[in-house]
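For reference, chains read A, B, C, D and E in written order, and residue numbers begin at 1 within each chain.
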Amino acid sequence: MSKNMSVAVYPGCSLNGSSREYMESLRAVLNALEIPVNEVDDWNCCGASAAHNIDQDMAVALPSRILAQTAKDGYSNLLVPCAACYNRLKHVQQEIKTSPEIRQKASVLLNQEINTPDTIVNILEYLQSTVMPRLEGKTLKPVSKKVACYYGCLLVRPKGISDEKQIEDPQGMDQIMASLGAEPVSWAFKTECCGAGFSVSNTTTVARLSSEILIDAADRGAEAIIVACPMCHSNLDMRRREIEKYSGRKFDIPVLYITQAIGLALGIPAKKLGLQRHFVPVKI
Amino acid sequence: MKRLHQIVSELLASGKAKLVIGYEKGTGEKRRPAFISDANEVERLVFDSQCSHNLSVYLTKPEYKHVTEIAVFATPQTMRAVVRLAGENQFQDKKLSFIVMDQDQNALLIEGAEVLANHLGKEKIALSSAQEELLAKFEAMSREERFAYWKEQLSNCVKCYACRAACPMCYCTRCTVEVNQPQWISVPSSLQGNFEYHIMRAMHMAGRCVDCGSCEAACPLGLPLNIITRRMIKDIEASLGPDIVSMDTKSVLNTFQPNDKENFIR
Amino acid sequence: MQTENYTITDSNLQQLLQALLSSGQKVVAPVRANNKVLFKEIKSASEVCSDHVQTTLSAKHLAFPRTEVLLQYKKTGKEVTINDFPFDAVPQTFLWGSRPCDAGGFAPLDGIFNWDSKDAIYNKRREQLTIISFSCTRHDDACFCTSMGGGPGNTAGSDMLITPAGNGTNIAEIITDKGKALFENYTSLFEEAMGADKEQYLTKIDKVFDTAEIKAKVEAFFESKVWKEQSARCMGCGACAYVCPACACFDIQDDKHGSKGSRLRCWDSCGFQLFTLHTSGHNPRETQARRWRQRVMHKFSYMPDRINVVGCSGCGRCSRACPADMNLAEHLEVIMKMEAEKI
Amino acid sequence: MARIGVFICHCGENIGGTVDCNKVAKSAESFDGVVFSTDYKYMCSDPGQTLIKQAIAEHKLTGVVVGACSPRMHEPTFRKTCSEAGVNGYMCEMANLREHCSWVHEKGEATTNKATDLVRMLVGKVKNNKPLSPIKVPVSKTALVIGGGIAGIQTSLDIANAGHKVVLIEKQPSIGGHMSQLSETFPTLDCSQCILTPRMVEVAQHPNIELITYAELESLDGFIGNFKARIRKKAKSIDEKLCTGCGMCTTKCPTKKIPGEFNEKLGNRTAIYVPFPQAVPNKPVIDKNNCTYYQKGKCRICEKFCPTQAIRFDQPDEIVERSIGAVVVATGFEVKGTDFFPEYGYGKYADVITGLQFERLASASGPTLGEIRRPSDGKIPEKIVFLACAGSRDPAKGIKYCSKICCMYTAKHAMLYKHKVHHGDAYVFYMDIRAAGKMYDEFTRRAIEEDEVKYIRGRVSRIYEKNGKLIVKGADTLLGAMPVEVEADMVVLATASVAHNDAADLAQKLHVSYDENNFFVEAHPKLKPVETNTAGIFLAGACQSPRDIPETVAMASGAASKILGLFSQNELTREPVVAVVNRAAPPLFSTCAGCFMCQSVCPYQAIEKEEIKNRAGETIKTVAKVNPGLCQGCGTCVAFCRSKSIDIQGFSNEQMVEEVFALLNND
Amino acid sequence: MENNIKVVAFVCNWCTYAGADLTGTSRIKYSSDVKIVRFPCTGRIDFMLLMKAFAEGADGIIVSGCHPNDCHYTSGNFHARRRWIVFKSVLETFGIDTRRIQFSWVSAAEGAKWAEIVNTTVERIKELGPYTEYRELAGVEAP
């Protein structure tokens, strides 16, 4: 696959850190489908939510450097699995393209010319456009489970940045899970907030919000929750004890990444998908 | 030439034409318009490649307003002018017939402007090589160069209006130039008056000019007037569609398309 | 004044021209610009063109410009201030390289502009004008100056006439006081006359008719249909009148800009359809035939009768400039050959 | 010689604030042709106008220039003043010193100089004005009313009762419009059928009203007093003369499952149907898209059962022409569907309905015969949540305006629900209660205090369905934005009132302007609410912007009165701003060269050919002639004419050139 | 940057003139170098009037009217648009500076757009400076 056809991946801090299993499962799936995984060379932190609250210049400079690095390596599209990084990179790409002053400021800060890859895709767009077509031929181990697909916030919002048409009722993951043999549950908390960044500073709020999500998923008979963002996963999985304490109900619904679900369907062993890293045990 | 004289004599004898407007030998090698109404003068008439005047200019003259049956020698340019003049209701009560030279140079009689319209070829009138070259040079000029070019050319214009008189499409009894309440074209034949006059003439030719070059041929000072109209026709065709010569009264400026393309109106 | 003859070499002639130029005087000479030769003010001797038969436009604009501001006015509130024609601003001008027929053309103009009221502006421009003509060594088939009492070497109208006499010498004839004054300023450039007959150097234009014959003929055939036949192809433009050195018709118009403006005199032509349109709507010369007859009668009959000068110097410009090839000489010949007609 | 008077108005502080009016008046005195110049605080006031009249008399003025506000505002006023003082109205021009100068520039010398320039321009123009007298044009005293809702009905009745002919056309099979769909109407809760149906019958039986239903305007040509309307009568497939309205066909028709438009898709109807029992005319129409005969060529059962053989399957659309004096647009409005709201489920949830659908549930002739039952399972809802401002006042959704009527009908709905289901709970999420009409606020207070409707001040962020219940997630801003969750059985959205989706096409057919929400634009928001910029075309009802029934009826009577004023004289006087082809003495007769290319330029076909004949009757010349009745004075032919043979009165070439010259030669 | 320049605006009465009125009622400030001449319709604006304006001393011209399809007379602005397309090409042939003419559509509801067009046009004309090059052509003494 020539360079500008293949895609560069920007893992970001959580995919190498607290949500290592997201990257492992992604890598496992892509290897199984002989798609090369080329990380962006010498990538840096995207500034996530902290940067653009504190310092506008840094909020522009950090993502610009990532874009410049990707373009320098000759890649024309960039996959950003983590929803927060995707949001920041897409936002800064738009700002660079539309306003020459910001582009100028970025190039001064990084003293190099800033140019950006043509397209930045999030995990769902990438899976639908590149991975799913390859699965057609494969014989899959059907994931015959009732699943609740949880999109969270930054995957589908804000309007100007994400290209999602049905912000209130997205179908991206539901379609993927359906084609894996699962039965996506129609539920109302697809894009409700899980508490995101308050995980550390205000855990009770995360407990309250995430428990509502789990209550609705459980009541709808979901046997697993599928996510595509490290933040969602950590709140719904890692904070399970707080959720149970807050809601007074026991939930043993596991939380899987979409890539892990695909991995299972491809018959990749659990260890390779990093399932053992979860707080809530995944019983297949 | 015999066939030509024979046709003319028949036309005069049969009364189909009370007046024949053709060409005759002029001073030196020149050809000039000739007006024949009785048979024995038919010998004077010639029709060869040097005949270039657009004889349709005489059809709208007051002197010939009341002559209904007229025959005219028609070069391709004259044909185009006649068709457009007919489209502009100028031959209301006229019965016109035309003597045309076909490909292998023998005379052909066509009766009626409508018949002439569909005899008309679609091919464009070719510019002389000198004009082509000047047009190309002109295209490459910047705005300032063009302004300087016309300042130099129009400084010689004495407003003798030979270009207006020679043009078949200029048949208004009183031209805007002669309007003095308000004074549209400034009186002195200063550069400004000349610019205004030639811009107005170009605008009045929009969608009507048949590209016959009579204006340039008539100008005693040899100003390159054909460039103005030729360039306008090219621009009009580029933005508003092909410049077809037909009896249709629809011309560029008195019709429109709801989605005419332009890139300068905000 | 009796014409005195001298000789002047080609190089001295150039020196004379150079002297006039360097003296800061306005010098107008024939200049070739995109295949037309026109009288233009020149700054250096090299601009002068001499291999032409005749300029397209005549030199009358030096005395009777195509547009001339007669006066300017300004209204402030109720009063009006008028500034008259700046007589002293008319520059001394030398016309270098005109033909005898150009010079000859000034006579009819002088006649008209001094007919009953002396036109001060025209006369001032004429006083300031010195005409140094060159005789004709070539002509074309439009020329008929000999039939108009002129000729390739005719001195009438010129202040000094130069005739090229071959091997680098020219015969210089001093004709008027102005010519004399010019001669006296630069006598060193002139040498004794060689006494050669200048006819041999001139081109030969055979005389076809003379002004008296033409006058009689045109008056005789006033009601003839020859005028209609001849003018059938005339399109009614103003080219013949504007190029003609002898045509003096003008129109007065005001050029108003807000509270100030100017009164202008501009060339006009009897060939225009609306030339004689009355405000009542009546037009005494409705058809082109009447206008063509008027042009010929005015030049060859009315002017000789009233101010005994023929309104044509036979330069042939009108025939060359006419888009419809209305060759004046040819038309006059046709009229000459006409016998009595049953009218 | 022109004797011009210049009158500069201070307009209180509006002009005086930034323009030195006195200085402008002083410098105007020096303009060529000005014999009197003054300034005054309020030129349009009575003393101001008397000042003008006195000046005209005293200085024997022949022309007047008033430097004040926009001519679009007071040109008629000052022209009337001048004509009363003996100077022809059209010798008076206005310089726009307010909207185009004082209001838009800072105070200073430049602004005063610009004001002076503007006055000088109009003085230059006035010197070339000619006295004109209005054109007399015959008026055909028939009005065309487009739209058979309460607005159209009221207008038609007012005009017809005054003795003039009316042609009322309605797109639906029956008149009645949205009002006929309502159960009871605020603030008096009287049932809409009782107050509307008699009016509908009166319209149908009125000798002066020609009612054409199931018809739309095809085209409108001509101008005020002389319109020619072509109306497309869509094929009903019924011969209306033979049909007695017995309704046999509607009962026998096998296709019964078509969601009815009248019941807002809550009830079903047959393919051949009468929209609602009290429909006027009470004759059926065949819905071609759903009739099996039209779709598959079989059935024709209605034809068999029709006692009077009135069914006409091959009936074509028919275009009828009427000559019309004036037009009233009364096409009303639409409400947004629930699918417009992603956060409320994209219209997926059956029990999330619009206000109009609730009206049908509450209506005795509705699908549930007046019982409040929810569409999903037909149960009587114990708890209903009403959402005010659903879509309105929401720039993100592209609807910036307030729909005006939803606060009132939401309170009414809650009240009706409580009257019918005493033990039920009604919640209303609202931003503000806009009940500004007579007895309106008392009505909403009654809903809150007597019928215990729980008003919660806050927006609803999301609605989702959970085991049969609709979970409404909102907030209560009066309790510190505390999140509120209501488990409701049914939700009623008071969706935004918007213009019909084909309103823009109708506007373009009528050459009437429309705003960015596709509502028709009135001539002046305060002073001419029922007129449009196109003379002879008037507006009534919600087609101009959302409004309730009382206002609609008042506006309809307003439009009717305008037309009765128009029809009160036999002749209409029209602005003499029309084009004229010049005429000259023989033998020229006119400088027009007879090319007639101007004919194709004229949008009103106002230019005709005139043959100039000599005494012997032979045509000497054919020249153009403008019919003053048809010409609307756009002037396109004037700028187009190559020989400058056409000029337009009021904006002649002379006037416009002198106006521009006066501006540019100001030193 | 020349600052006493003259810009004339030829506008149609139904849309742009009303739009300019709206600019007034909304008190949006804009450059005072533009003076508005009212026409019944853009179809009424004669191309020769633009030439006369330049000859008499205008440095810039704005021509504005109703958006296509909104013309009160249905087709006035359509004809005007055709006229301006041809006229602009003829002016470019003669080297007249068409940057000095700004054509635009401004409706009765676009007060802000009118102010913006006036300001940007005045700015551009100030950069171009007075149009003396064209006015100097009026000197009578042609060579």
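The rule we apply is simple: a residue touches a chain if its C-beta (ideal position, glycine included) is under 8 Å from a C-beta of that chain, and two chains touch if they have at least 3 such contacts.
Just so it is clear, the model here is predicted, and its values are computed rather than measured.
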Chain whose Cα mean lies nearest the overall Cα mean: E
Chain pair showing more contacts of the two, D-E and B-D: D-E
Of all other chains, the one whose Cα centre sits farthest from chain C: A
Distance between the centres, which are taken as Cα means, of chain C and chain A, whole angstrom: 95
Chain A and chain E: spacing of chain centres that average the CA atoms, whole Å: 55
Whole-Å separation of chain centres (CA-atom averages), chain B against chain D: 52
Chain B and chain E, separation of their C-alpha mean positions in angstrom: 34
Touching two or more other chains - residues of chain D: 588, 601, 640, 653, 657, 661, 664-665
Overlap residues in chain E, where contacts from two or more other chains coincide: 47, 52, 56, 69, 75, 79, 83, 140, 142-143
Residues of chain C touching at least two other chains: 66-67, 257, 264, 286
List of chain B residues in touch with chain D within their complex: 88-90, 92-93, 171-176, 179, 181-182, 184, 204, 249-251, 253-255
Interface residues, chain E side, partner chain B - complex: 47-48, 51-52, 55, 68-69, 75, 78-79, 81-98, 102-105, 117, 133-135, 137-140, 142-143
Contact set on chain E toward chain D in their complex: 6, 8, 13-14, 17-18, 20-21, 23-25, 27-30, 32, 35-41, 43-47, 49, 52-53, 56-58, 69-76, 79-80, 83, 107-109, 115
Interface residues, chain D side, partner chain E - complex: 70-72, 96, 98-101, 103-106, 110-111, 114, 117-118, 121, 508, 511, 513, 515-516, 521, 533-534, 577, 601, 603-604, 632-636, 638-640, 648, 650-651, 653, 656-657, 659-661, 663-665
Contact set on chain C toward chain B in their complex: 33-36, 38, 56-57, 66-67, 141-142, 229, 232-233, 235-239, 241-243, 253-256, 264, 266-267, 269, 272-274, 286-289, 319-321, 323-325, 327, 330
